[in-house]
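Just passing along the structure, written as structure tokens.
Chain nomenclature is as follows: A, B, C and D, assigned in order of appearance, with residue numbering initiated at 1 for each chain independently.
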């Protein structure tokens, strides 16, 4: 099990760190620093989102007692989505203010919806088959309750792109902010 | 032994995450999103293939009791192949539909054949010299049986490229799908 | 707690290693090797700075007994700054000698100030809430004392850029050198 | 100590995996596959060299009982050299056959000499101050004996570049091959 976590932590960490290319490619020259604020927001949104997902994966794994090959395959699917995030992040940063904004926001949102689906698949399979004998029922219930809204929330924010790509991007930012607020305000739970 | 696994997990995770450049370089602009489906398929094929190889490496190491320098050298050879995968993946994604498709499919297949050879070298050396005293004979036999077909299967899929690069690429995708199906359908084995 | 460290170590290691692109993009050809000394200095300055920060994070974590979600969020904020470092490093290396030098030095310094703020936030929250029962009071006091000057020192070096970008860059280099000297001269403390 | 190894393993793994950009940038198109053999050789040489260095670092750490800040600083210096390797590798691969070959070979060799110096600094400081009480004297003597020739060997291969860059590059390849042969032929030592 610890090696699954090492591999997963590696993909989370590399995907988050590669996000810097979003900014780096958008700002070839210091003269562009002030105009590239969409890059900084996109970088921060995706970094925080991947960071929160890492936290959720960490919490999820504390309740899992053993790992089978199906669980590994589902985790690989989840990591495939996480590693994809830098690509739509760059598209969104570069094109939110031009005619490509709608497609960029759709690509970003679609990636997030897929990630949320994979997260639920990993969790609900793990909960059904691989739970620790001494798993904390309240934590298990809490995770289940917090995962369910992820899919419709990201789906709604994605569909908003048909009306307004900018509103969609603001919603992606707001979701990340909401997760941080939730973790900071109520997240006093101790984890060893 | 744990450090060999940390290093290996690092290379597996970084190589898998770098695959996103395949898509990122192929789609500079949201207008290209719809036409770049070969990139998405190539990304998914290689990500899943590296992920399955990571799973196999993980399973292999559970049966190995100690590590010597020859085993490390063989593992470095294996990792050299794994880290190479993003390159032919990009070639295949970009050129499968033009005149470079045959060479791209050959490069991809050749990389996979080399990887399969290195995997077998790691395993059969480890099985002969470094097996845990309490290794599970059924698992050992199962690994040996599952590794042997890898080389001829990838070799056959590679040679198909001389007749049809597209058919060869579909076979690479099918092999990855088959591995997932195998792991999902029969893979109920518990691993701690 | 160990997974937080794995994730953090991953981001530190990847961010440090990605710094090589600063040099790689600046020197397309061996003929440019001699003129690109600003790249080598920038690479070394940022690599050492990230390395020292990793050491500090390592030392900090030895005094922390448990981790809660707020601490994780603060750590994600810190890592977001660390992963950002390769971008202003490249700007500084390429533009310190042209008219973009001032903005590049400001971007570099601003990143360092943010990093120092996040480091203090992680530490002072951790010290207040999550300290090990058996934390060494002298080490705790030593960390607190060594963190406080970080923010004003980097802020001062940043503001110097308004007068002279080159002087600002030299100060960034000097700060990194000072940290090394401090660690080498007085750093005989054993850590397991 | 384990965190120093996690960080080091991360840098080794990322630096090795980034070497693929040497090949990827040199071969934009499948039509160039056959002509880019210098890239494949450079990739293999540097990957194996970094892999062997990882093995040596692994062996070195088995004899070290504790870590102090000076040892960490020396290790950061070593990792700064390791992370630098992808850059001269690309220069060598692209320019060994043109007029930039000499400078490229000098850059590659200089990086290797610096790496060998840092390796010796890490080891001889660690041997003097931080050895495990139960360190194996034969292993300690063996490491010392195997590290000393590294600096003059790489220095000699580097200086050959003034006469012939190609001969110098062949020597770099031969050194990597020699290390593999040594590890394979005599390297039956068990490591847990």
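By definition in this document, a contact is a pair of C-beta atoms (placed from the backbone, for glycine too) under 8 Å apart; a residue touches a chain by one contact, two chains touch by 3 or more.
The model shown is predicted, which means the values in this text are computed figures rather than measured ones.
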Chain whose mean Cα position lies farthest from subunit C: B
Copies subunit D and subunit B - interface residue numbers shared by over half, same or different: different
Fitting subunit A to subunit D on CA atoms, where both chains share a sequence, rotation angle to nearest 5 degrees: 180
Distance between the centres, which are taken as Cα means, of subunit C and subunit B, whole angstrom: 36
Euclidean distance of C-alpha centroids - subunit A vs subunit B, Å: 26
Multi-chain contact residues (two or more partners), subunit D: 6, 9-10, 13-14, 18
Of all residues in subunit D, those that touch subunit B in their complex: 5-6, 9-10, 12-14, 16-20, 23-24, 27, 29-31, 33, 43-44, 47-48, 51-52, 54-55, 58, 61, 180, 183-184, 187-192
Subunit B residues within the subunit D interface of the complex: 1, 3-4, 6-7, 9-11, 13-15, 18, 21, 66-70, 72-73, 76, 79-80, 83-84, 86-87, 90-91, 95, 100-104, 107
